[in-house]
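I've put the structures underneath this note.
Shared between the two complexes below is chain A, which pairs with chain B and chain C, respectively.
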Partner chain A sequence: MTTQTAQTANKGQSLLSVQDLKIRIQMDKGVMHAVDGVDFEIKRGKTLGLVGESGCGKSLTSRSIIGINPKECETTGIIQYDSAMDSSEPLDLLSLHPNSKQIRSIRGRKIAMIFQEPMTAFSPMYTIGNQIMEAIRIHRTKNKKEAKKIALEMLSKVGISDQEKRFNQYPHEFSGGMRQRAMISMALSCNPELLIADEPTTALDVTIQAQVLELMKSLQQEFGMAILLVTHDLGIIAQMCDEVAVMYLGKIVEQAPVRELFSNPKHPYTKGLMKSMPRLGGGKGQRLDSIEGSVPMPIDMPPMCGFYDRCKDRIEGVCNARAVRKTQISEQHSVKCFLYSDERGGEPQ
Partner chain B sequence: MLQYSIKRILMAIPVVMFISFIVFYIIQLPPGDYVSSYSAQMMAAGDVMTQADMDQMRSNLGLDRPVYEQYAIWIKKIVLHGDFGYSFNYNKPVMEVVKQYMGLTLVVSFVTMAFQYLVAIPIGIYTAVKQYSAGDYFFSGISFLGMATPNFLLAIILMYLSYTWFGDPLLGLFSNEYVNAAWSMAKAVDLMKHLVIPVIVIGLASTADLIRVMRGQMLDELNKPNVITARAKGLSETKILFKYPTRAALNPIVSTFGWSLSSIFTGSTITAIVLNLPIQGPVMYKALLGQDMYLAGSWLLFMALLTVIGTLISDILLAWLDPKIRTEFRGN
Partner chain C sequence: MTKPILDVVSLNKDFQVKSKKALFAKPNHVRVLDDISFELYEGETLSIVGESGCGKTTLGRCIVKGVSASSGEVNYYTDQDERVNFLKLKGKEAKRLRRDIQMIFQDPYSSLSPRMSVFDIISEPLVANFKLKRSEVEAKVTEIAEKTGLNASYLMRYPHAFSGGQRQRIAIARALITQPRLIVCDEAVSALDVSIQAQIINLLKDLQEQFKITYIFISHDLSIVQNISDRVAVMHLGRIVELATTESLFGDPKHPYTEALMSAVPQPDPEAQKSRIILEGEVPNPANPPSGCHFHPRCAYRTEKCSQQAPELREVGENHFVACHYAEQLNLRGVQHD
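== the complex of A and B ==
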């Protein structure tokens, strides 16, 4: 850890920067633009939340970082990765072949990932210990005894007691929360500098969810890693993140530090999301707002705002006529909406 | 695990007893018995058996007693003396007839089984990994053909090809000069050569079936999240393929392992007749036609036993392979 911080000093703040990421999938009906020009940056030791509803492309975006999307996905853009774990030059992860040794030495070692469904993410055929040790034995030590020692240590770090026994148990002998803890211990077993958490608590009930989030937070402080947190839950974003990117239909529609986004949401979609969240003191019997309509399929979309059909503030002849460009509200707050764009002019009433 | 195995073996005993009774009863069901079919044969040869002769013969063979009594005597002899009765057709004890054919039957069956699994599993894996590739279509085409072609037709085609290409239809399991020769290297090689056609003919349909099952299983497993997890850990694709999807896809294959042995035994009868193989299928067929009841009964009993043992082996193998099932045993 100490070497990591020492080297961090010589490097810039940015750990990972994604530029103009596009993922296209060839379908029977045409080409689906699942991810359409996404930019974001993850800073060392910080947490970026990627929030959006199902199918908006957030999972594809996160998985493209380590190149584990299905081969049907045609991915373009730049994913600039500046590791501080060694003195290597910044590297475009997308330029690496998804099967190459180089990307495999990054996966699990420098960038680790945890998944939504800990039941299916573990194989039912092998013990938890076997599956945790796997990454350690690829990246850290060939020695089986040593690997086991590290694995047991990690299990105790994530709050699993009776590690020796747990080590030899199979995933189905674990409860959901325990499985996700084991998954976290597996991901962190090689001290990664970036943890990608794809809906890490969606499959858990609320109390367990809180525990797991707390655990992630405290481990983040201990290990000094950055987290890319993919979720559809704004509550989790508020609790965990430093910065937030809101995704809709393959695009990031708004990006801001977490306080700024919650106090001053700009995009009609973000506003809608905020209104659909239950809050304390919201008045008894009051119905939650919902965003009307459903997400269109991003196949053969004309150049227009993807949220047009569902937007309350849409401007006919503008929003459905051109593609929206990013507008900078402040230094750290950007939004993709014509309401704030010079191209249309003026602030909305 | 051991406890489970013992429990399962004990449970198999009443099953086998019950099957043996049903087997015996079914063999008795068709009208007539060995004596009547024997007299019909004599008649065809120009000889005449009187009713008294037939009654005499029946009481000699014990066929005049009630079914349950015959069954009791049969079972008693099997359990106490290992005596399965007398084959009327062959004029020998059943055991001797069985022994005569058993060796080669087992050779053909096990080689066929090995052929099925050794061919089907790798092809299944290949066609799943390279789904929709030219290779996939090729093997899929072959396996559909294999499933749809009747055994006897395939046997005849292969015999014809073998005859036109090598000048020998490779009938039977040995060339003439080796049939009665003592075992030697040359005889073993000759047997190998003669095994090629029977093994392909008997095994092709099940192999094709297994390929489809393995391919489907693999396709399922390849899309499982645990494969993505493994990839995210930095494992190489080859290691992932064999450690995760293949391992998981083998379970359903193993669970059918037990039945495949007995289905090879029964499934090979027509092929054996067409190819003139000295194995049990045709013997069993003749025994059933001629109402050679003890021989037929013993074979059927043996088949039932094979199925029971096969299922047992499958279950134990599956318990050994699948941690989930293993935990359930420990729980009980």
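== the complex of A and C ==
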């Protein structure tokens, strides 16, 4: 396929860059800054992990790329998308109307998404085959027979045996792992450049999770697509990603290549997360270093570090007085924390 | 620690499922718990792990009499060292023992009534079980709330005002208020975020030390299980396939299923070795379990014998029980300690 060669040829170049993404939601109590100035870049053929706790805005961020956030979300910023599939100019996805023809030609075709809950993501009223074919018939071929051929091929690629029979079954006849495989086959059926995976294995058992992750990795090698992996599990991040962005309260607090992040975490929140996770092989009975307190609601927050109340290394009068800016630790490693910022002066001991 | 508090003897549980053939056809039975036997010692934490559908939650519910077992015994040793079959008890006697055995549920969003204030939720077991004056109840609730890290001034609020971690603290306070000797924690931390999870695990450990509580900790997360438990039982399709102390189970697993489970856990370390055992296929349907050893269709070490004969749970090392024909011959990979 021509697109495939084009994709692999430009591996490592920027595919999508998000600049100063802000999502505000008007609520009874005030304005919630669900996503507050997020920047990141996804490179061709690479995997970027977006990790954070529930409510940190990671799902909203990923969904805003294909414009499927609820209407209440007021979104500003730039999402620059540079497709190699056609010779079009780089495009700001946010400037497109969510129902416009242009974004609909991208959604599902060039950028596909897999969701957390495979039970609710499929419609219970249509067969699995029907739902996989829908995307193919919209984007790739009008011919029903051909579409079915592609769909069956995709089902076998994700390791579903007896495809003819499975093709005509309904979602309730599939187990959780099977459904997630079917969803992956649906997402990949149009050979997208970017796959957004929002907690793709959270609802699955560990053994099935291992299967699905392995499958995603091998399909990435085959198709050469980039993956934006949204998860709360640092274990999955460590195994799957090339780069990681850690989100907290609507902001990316630290961003680095995966090895750098795990060997040299800088932000107190990243450090806290790593310490509070029990590890296999970590021994029995060892006390966990938990992060005290809980995530506050980002409603009408004053300009200060969102992690201030829970931070062990907070500096009074600095961290709670001003908004933090990004500091570059090295070329690829950046952190949003006053401990490393010139505004306070010097590295911490 | 060697004194038993509970022993379970060949516990079985069948669920009826409608036959698909005809409306009035005889219902089928699904065996969810198949000949479960184990002992639980005072002050220890016994974890039960397994994939979804393996019967671990049903086992927990059978122990607290939340569902009635089909056959078998759950013997409870009272503080006077009487051995009573909890399942046979009825009425007042059962009620008395229920004070001693409490449960914490998985989802703190659905296990607390939205129409009751936190004070009412925590005090309900007290009011139901003891005749106490209002002032005494208040004193006890405040004491427990403080112990579980809840702010006593928020007790008149309703659950919706609390975050997930705090709700789980409320559920723990409710379980603790009758001063139980045994608490069954059914996936008590899996609905929580990582940073909150650690807080609740630490809280459970502190309370255990303080009140000498015994835990049955039901979980699917092996990293947490390794951290919290003294002994671990691995369940697969209604049967216990391995039961051992935490050190020997994780260091030297004897059942291929245990090995595969451990290997599947994603390690938060990019340098970790990538060669993992990926089990083929899915968890078999409990309504139609495979013959012989239930694990054999997914097992890498299976032989002819495995599909014909179900292995018994037998002792292969000190306090190390396993249900596999080839436990002695296999050289399985455990978890490397740092």
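In this text, the second predicted complex is superposed on the first by the 336 of 349 C-alpha atoms of A that agree within 3 Å, B and C clash if a C-alpha of one lies under 4 Å from a C-alpha of the other, contacts with A are read in each partner's own complex, and residues count from 1 in each chain.
The rule is simple: a residue touches a chain if its C-beta (ideal position, glycine included) is under 8 Å from a C-beta of that chain, and two chains touch if they have at least 3 such contacts.
Just so it is clear, the structure is predicted and the values come from calculations on it, not from any experiment.
Chemist: Should A:Phe338 be classified as contacting the first partner (chain B), the second (chain C), both, or neither?
Modeler: neither
Chemist: One more residue to check, A:Tyr170. First (chain B), second (chain C), both or neither?
Modeler: A:Tyr170: touches chain B, not chain C.
Chemist: Could you look at A:Ala112 and tell me whether it touches chain B, chain C, both or neither (first, second, both, neither)?
Modeler: first
Chemist: Determine, under the contact definition given at the top, whether A:Gly235 touches first (chain B), second (chain C), both, or neither.
Modeler: Second partner only, chain C.
Chemist: Give one of first, second, both or neither to describe whether A:Ser290 is in contact with chain B, with chain C, with both, or with none.
Modeler: second
Chemist: Which chain, chain B or chain C, is in touch with more residues of chain A?
Modeler: Between chain B and chain C, C touches the greater number of residues in chain A.
Chemist: What is the contact status of A:Ile66 with respect to chain B (first) and chain C (second): first, second, both, or neither?
Modeler: Only chain B is touched by A:Ile66; chain C is not.
Chemist: How about chain B: which of its residues touch chain A in the complex?
Modeler: The contact residues of chain B facing chain A are 224-226, 228-237, 243-244, 247-248, 322-324, 327.
Chemist: Show me the residue ranges of chain A that touch chain C in the complex, using the header's touch definition.
Modeler: 53-54, 175, 177-178, 205-211, 213-214, 232-239, 258-259, 262, 272-274, 276-292, 294-295
Chemist: Could you pull out which chain A residues touch chain B in their complex?
Modeler: Residue positions touching the partner: 63, 66, 68, 99, 104-109, 112-113, 115, 117, 120-127, 134-135, 138-139, 170, 172-173, 186.
Chemist: Under the definition above, what is the set of chain C residues touching chain A in their complex?
Modeler: Checking each residue of chain C against chain A gives 51-52, 163, 165-166, 193-199, 201-202, 205, 220, 222-224, 226-230, 246-247, 250, 260-272, 274, 276, 278-279, 282-283, 335-338.
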